[in-house]
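In structure tokens below, several structures.
Paired with chain B in one complex and with chain C in the other, chain A is shared by the two complexes that follow.
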Partner chain A sequence: MPPQLKRLIPLFAIFIFLFLAARSFLVPKSFGEQGHYRFNSIAENKEKAMIYAGKEACDDCHSDRIQEMETDLHKGISCETCHGPGSAHIANPDSIKPMIPKGRDFCGMCHSLNPSRSKLVHQVDLKEHNVTENCIECHNPHLPCQMKK
Partner chain B sequence: MSNEEIGKSRRKFIKKAATVGSLLVTTSLFTPFNAVVYAVERPKDPSKTWWGYGIDIEKCIGCGRCANACKTENNIPKQPFYFRTWVEQYTIKNDGTVKVESPNGGIDGFVQSVPPEDIFKAFFVPKLCNHCYKSPCVQACPVGATYETPDGVVMVDETYCIGCRYCVQACPYGCRYINPAKNVADKCTLCYHRISKGKTTACVEVCPTHARILGNLNDPKSPLVKFMKEHTCLVLKPHLNTGSKCFYNALSGEVR
Partner chain C sequence: MEQNFQHLYDMLSQVQGFIYPNELDLQWGLLIVLYPYITGLVAGAFILASLERVFNVKVLGPTYQLALLTALAFLLVATMPLVSHLGHPERFYEILMTPHSTSAMAIFGFVYLWYLMVVLLLEIWFDYRQDIVIWSKETKGFKGRIYKILTLGVTDLSPSTIKWDDKIGYFITVVGIPSAFMLHGYVGFIFGSIKANPWWSTVLMPVIFLFSAMVSGIALVLFIYMAVSFFRKQKIDMPALDSIAKFLFYILVIDFTMEGLDQIHRIYEAEESFEILFLLVHGPLFLTLFVFQIFLGTVVPLISLGTLQLYKPSEKIRKIIYLSCSLLVLFGIFFMRWNVVIGGQLFSKSFYGFTGYKLHLLGSEGFLFSIIWVIIPFFILAFLLWLLPPWKKVGQHENN
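Take a look at the complex of A and B:
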């Protein structure tokens, strides 16, 4: 064996060993199980808590309200669309109450007059229609076809 | 060198070259060249899930509840410019010019700034990560911190991301941003924590007109497959061959 190889082979062996040792420390667990990523990350992403509970969860206690809504134009709209996230309320039903939006601006997000909006949605000009009053003083948001006064 | 010897060595050379060449051709048949490295294939097994998303532009009324719900569900900073999903208002004027607006992603609602007599056509376009199965962002990540799950959702491993911003530049749909609190890339996860528990995404949950549809493309009975059958659906920027799985009904050519 030539003397060059005698010196280089052990040197390379040391390099390769050091590389493999460093690699085993640096590459995280489960990396490469399914592809070029850390497979455990999928499970970690699954673990996050839900803030919005979903309409089925509201249905457990408030099915009467949901059935009532099914009879009018706002049918199919999730409770949390207007009332905001409900998981906290489900965990503490007495102390945490969902939001009840009251302002004109909130209803206006869907119903203010805008040529971009689909004609299927009833639209009003908020600058002209009963400017001083909030929508829910006359309109029932759960049964929009029924007027309160 | 005599003529005979030259002839022999030439023959030898041609033989060697032919062997090497044919070897190259045969090996390339076994592993064909593919520029897309980290793509996940759609599962052939019909019982496995392959997530896709549908958006009906005709139904979107621009209330922005989706963008609001997304920020709440996923704890995204409230200041503007960080959105996993947002809504754009497209106004095509009579003179042919296009105006695109998205004030605060649509969370506070929209106002039409163009006078009605100048408008030829106006509509809302909700946007979110297209969950491409040949994602440019996944290709660009230098450390493997972003990936496609076996069920077709593009996600970020926030403990592994180095915040280099390559993926933010690589996404042709502008669907990624750097989370200012964590300083890592962030994007729509298709509410993976919800859909893996059988719930729908936060944006689909709150959409009052059902303009957003989440579904399993592998299930012929899923609402998304039904939606795609009933409408003429297109994806954004099809010429980029990203394998987008976000299908739009009534998508105008003006939408970018």
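Take a look at the complex of A and C:
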């Protein structure tokens, strides 16, 4: 065998060995157990604490508000859609209060003028419509068909 | 939030007709245009080198090592546009750690490694081994130490060992040709296999990419050979330059014909996507396709180089024409990649509308950042030419 190959073959063998060694360290242990993914990721995701409580949990204390909402266009929208995750508030109702969004941009996330948005959602041009005031100064977010002013 | 709305309104102002919401922003920008472009330059430069080694086109001798070193310089950065396009570039190695047989991108990682480690590095090492050993004995200091490491401890310069260098080098070049075809054929495959996109989905795509790669690689070596000779104040080997230009012309003819065939097939088939593609090439792609790619990048070099096959003006005029043609071809092939990558994302898959693409100057997908990946290979090449100057070589491989 020529001397070049005597040197190159072990070098390539070392390279392949290093690759395999790196692979054994870098590939997560549960990879490939049930498919081409890290199987433990399912258990890890399950272990995460729930931060959303669900509409039923809100109903325990705020049933009047939920029943009121059922009479208007925002029925079917979960409380946490606007007020954010509620688990912490349910655990400590007095010390942790849910978010109360007030800005124009927040309402605009669903109601700003967007040609690709469904016509079923009422749309407003935020650059034109009462630009100095927040939406909730006139509109009741729980009963959007009723005007405050 | 305000910024997002601003971006949304800016983008919506560029939309024509109906598009789906996820088609508003282009996911693949300039970096993904550069990826097939740089990979193509590598494959083309290597194939030009193999013409001399395997197909015994001896007149190309002066450009053999230059073509190999150019291929290596560009190959070293070929994956960088892809990696820097990732949201998490530090995770790039994961695709190699857990490859899946259905992932073309994962297979590319191995084709790339094969091409780099087994083909290019080994071919250059075997070609230069005799010189590296001599230089390691003659050169002192830092450069001398690099040569000593590069010998890998094999300092035997007996005639039989040198003959082995030649034989193995030849064998690697033979293996390298299908490897180069695979490397760039794969890049075409990545686009050609996306059946949901009628602008990309054609079985001719790997072949078109391959020939355009050869065209751009040959043009690059032509340009670099002229530039290196100019900086070294050396006389250009005109027979070599004429031959490179002749091969550039031949491959350009095949490339143009292949692309023409693809378009004729598309026009004759006139599938349901034809109308939107017709509007695409006559609208958003008009300048980059008809003017940049076809007219400036193909027709002008074809006519110029074709004329030179029949009529030979003075050396000075030929040099100016070759230089202009190589730059025009490089320009045209860049826009060929642009038209494929950007063009394929401009029209809606509903076939009823277009979105727009605005190239930004700054940012991770911007012009300034992307251009770095085009400039760096030239610095790598300058380093390689300093370390392994082809003009100082002692050992020349024999005819095989």
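In the analysis below, the second predicted complex is superposed on the first by the 104 of 149 C-alpha atoms of A that agree within 3 Å, B and C clash if a C-alpha of one lies under 4 Å from a C-alpha of the other, contacts with A are read in each partner's own complex, and residues count from 1 in each chain.
As a working rule, a contact is a pair of C-beta atoms (placed from the backbone, for glycine too) under 8 Å apart; a residue touches a chain by one contact, two chains touch by 3 or more.
Keep in mind that what you see is a predicted model, and the values were worked out from it rather than measured.
Judged by the touch definition given at the top, the superposed model places A:Ala88 against neither chain B nor chain C. Of the two partner chains placed around the shared chain by superposition, neither chain B nor chain C is touched by A:Val124. In the superposition on chain A, A:Gln34 makes contact with chain B only, not with chain C.
Applying the stated contact rule after C-alpha superposition, one finds that A:Ser116 touches each of chain B and chain C.
By the touch criterion defined above, A:Gly108 reaches both chain B and chain C. In the superposition on chain A, no contact is made by A:Leu143 with either chain B or chain C.
After overlaying the two complexes on the shared chain, residue contacts for A:Pro3 are found with chain C alone; chain B is out of touch.
Judged by the touch definition given at the top, the superposed model places A:Ile66 against neither chain B nor chain C. Touched residues of chain A were counted for both chain B and chain C, and B has more of them. Applying the stated touch rule to the two superposed structures, the overlap between the chain B and chain C interfaces on chain A comprises residues 31, 36, 105, 108-109, 112, 114-116. Contact residues on chain C toward chain A in their complex (touch as defined above): 1-2, 5, 8, 12, 21, 93-94, 97-98, 100, 117, 122, 126, 129, 152-154, 156, 160-161, 164-165, 168.
Partner chain B is touched in their complex by these residues of chain A: 28, 31, 34-38, 41-42, 44-52, 54-55, 74, 76-78, 80-81, 84-85, 105, 108-110, 112, 114-118, 120-121. Residues 37-38, 40, 58-65, 69, 72-73, 89-91, 108-112, 116, 119, 122-124, 144-150, 155, 157, 159-160, 189, 192-194, 196-197, 199-200, 202, 205-210 of chain B are the ones touching chain A in the complex.
Within the complex formed with chain C, the residues of chain A that make contact are 2-8, 11-12, 15, 22-23, 26-27, 31-32, 36, 105, 108-109, 112, 114-116.
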